[in-house]
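Letters A, B and C mark the chains as written, and numbering starts fresh at 1 in each.
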């Protein structure tokens, strides 16, 4: 290589803009989390699967050859899956594909509603405990301990029996009455951790009021934890709904859900296994997808895994 | 003095989701028998990656060592050895000490069992003999009451004691080379001085070589024979401690020396602060990595990486200012502070 | 002598951990004069951070008192308390934890302004830009998030956030410990310039004894929750009287080629005892090469040996 004397004239330090260009610019939290999530093939597959399931449940009946689920057909009882009846028919001759879709609407709706309710309740309770601290915190967390020590299903069954109402609202009430406890624990510990952080100390030193500290610092920084928790809670509710419907305490005919479909099919499982397999499979797939998605989200949003 | 470790053209690339990070860019150096070589640089300059690459401790899934890199230890290329052969050298002929002793020790195992396990994974010794050896090692690193210490757990020890235990484990098989990666960074000054002194004593007593990796130019004085300065993935200056401290040739080395307040400086006078921050190692940087922050930067610096040149034997640097066509500038510590 | 801004009187702060109580701060008394830089030095766990946080009222003192402008901090009126909060701010050690990751730089800086000043939105914005320039950043940083900044830049934002309240006093808790050498000098220069321009008073906490010597007017050496020596910087560095100070200073690495600082230093035996189980007498006695029977029985008081040079050691007292 040839050198010219011009190459050897001292120019000094580069401009600030040039410095900026060369300096490393870490990516933003959101973009960072997104790229990490995207790299997680299983989580992405789970998200796609969930999307497909939701689309199927919402629009399935429209494309089905037998869009009306309730119409019984005495001549088409217990048919095996075919081009006409994709999932076969049930003991009353109703198209199972359409029934599974419609049952899925109930199952997923209950899962989502239940999760949202426990997350809101749990966050408020946990947040309050973290905020009050001291004895109030101790007392509030002992209440959580007591609530959590009672077996979940026992509470649900007892409450269902006591309130003696078979409505969906009653079932959600039964499932959420103790369901907020784990969320309260998670939110409390996250908020305690944040309230000890240097930026909250800085805010306190600036005499920012506790309410504003909660609204501006504690809640926004707890959101990712809450989001992950929500994803993990949904499958639990779907399962509990299925279980309750299965034992006859849940969704009542003519309404249906995956749980009640499976319950209706169990008697003749040996003869018409598909009647059980399709709703059971739907439950299993949905729960698995939500759990895998939750795993992926947790890994993507966990700041400890950054860099 | 014979050559013990010879690193030639070592390059390491990490694949991250946001691009390829070229962490080490063609690093070559030699560790001689019985010397202490210090590798100095700021965080992210590639010094720890270099150490890990030498021992092949980098995760294969994310790090790639370029195929023309060579790490010769006693004539054998460590990068091409089989796993079994490598294990005979790693932890045997080469010992390692890391910054965070707490993270390197198993919190659920006693100190004794951990040392014994290390010894027995490399030497065929009975339990009792290994235990005796463990005791000797703890005495070697000047820990009081070694017998009692063997039964304690890592959390019962102070930071300085844990670091001594780490050193004892690294010495369990009489290594010829000890790689110490920021061994005193987490420690207080008085403890830091104790550990450095211990390393120095052990190095003489066991006639081993030490590769000391640190960000603190201060601790190098009085400890190291040779010093090499790393910046942006490249070794930019090598020399004896005397060379580096008294007549630095690279403007970065000179700037590092003047960033630390000196006795001769007037109190509260401005320190020489380099502008900007170190470069993003995702960039290609075919030029000198320091060019943008260098007050002597020339057009050529932004075009091409200079070769390693040196007038005095043992003291070399990679800087265009060394080129015959470059203007002469005085880089003495004091003047660079102007 | 200059005006006293802060006065700590036998300040104590204990932390309960299980059954034992850890004496993080065990009766320290000192003044901070207006416009000076007082540095607290000592090894980890010696109580220097606790000391700064107690002065600022983040921790309630277990015993003793803090006077601010001659007023008892724990008994300030509501109005005085607001002024106390505005005028006394802190710079933190960890540039990665000191900014809320969900807030832009502007939001962080404006948070305190909103509380203490009734600026219009336009005024806030121009103040923010002005502050960013003061700390060596540009106005375009206002819309960035902390993740987009380097460690040094975050530390500058942290300083701008504190300056937004127009404070008179800054407690700097290891402001450069987490930064690289070349960035440390930038931040130290900035802090020194701000002090000159705004007449700030600093309480500097640092374990970097070389830097402390460069920037401080006075230095207090702490050991296990007590101040063992406090003096003007030069007097202390030239002639440390307490054996612990001597050992600490002789362990400072010297970036000079021929220095044999490792060999020449005063060596200490043993480790810092667990602050939960401090021995009676002088805290330092178990490690002190000059300890006598007297030292093991009673703790020496902090007494003035020379003009402005206080030491807590029996041996130095005739």
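By definition in this document, contacts are C-beta pairs under 8 Å (C-beta built on N, C-alpha and C of every residue); 3 or more make two chains touch, one makes a residue touch a chain.
Everything numeric in this text was worked out from a predicted model, so none of it was measured.
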By raw count of C-beta pairs in contact, what's the busiest chain pair here? B-C
Chain located farthest away, centre of chain B as origin (C-alpha): A
Interchain centroid distance [CA atoms averaged], chain A/chain B, Å: 47
Counting only Cα atoms for the centres, state how far chain B is from chain C in Å. 32
Can you list the chain A residues in contact with two or more other chains? 16, 23-25, 27, 32
Give me the residue numbers in chain C that touch at least two other chains, ranges are fine. 150
Shared interface positions of chain B, touching two or more other chains: 275, 277-278, 293
Chain A partner contacts - residues on chain B that touch it in the complex: 17-18, 44, 275-283, 285, 291-300, 303-304, 320, 323, 325-327, 329
Chain B contact footprint on chain C (complex, rising order): 43-44, 150, 152-153, 180-186, 188-189, 192-193, 207, 209-211, 213-215, 233-234, 247-248, 251-263, 265, 267-268, 271-272
In the complex, chain A residues that touch chain C: 16, 23-29, 32, 197-199, 201-208, 216-217, 220-221, 303
Show which residues of chain B lie in contact with chain C when the two form their complex. 42-43, 158, 160-161, 188-194, 196-197, 200, 215-223, 241-242, 244-246, 255-257, 259-261, 265, 267-268, 270-275, 277-278, 293
Help me check something: in the complex, which residues belonging to chain C touch chain A? 56, 58, 81-82, 85-86, 88-90, 92-94, 97-103, 108, 111-112, 115-116, 138, 145, 147-148, 150, 158, 161-162, 165
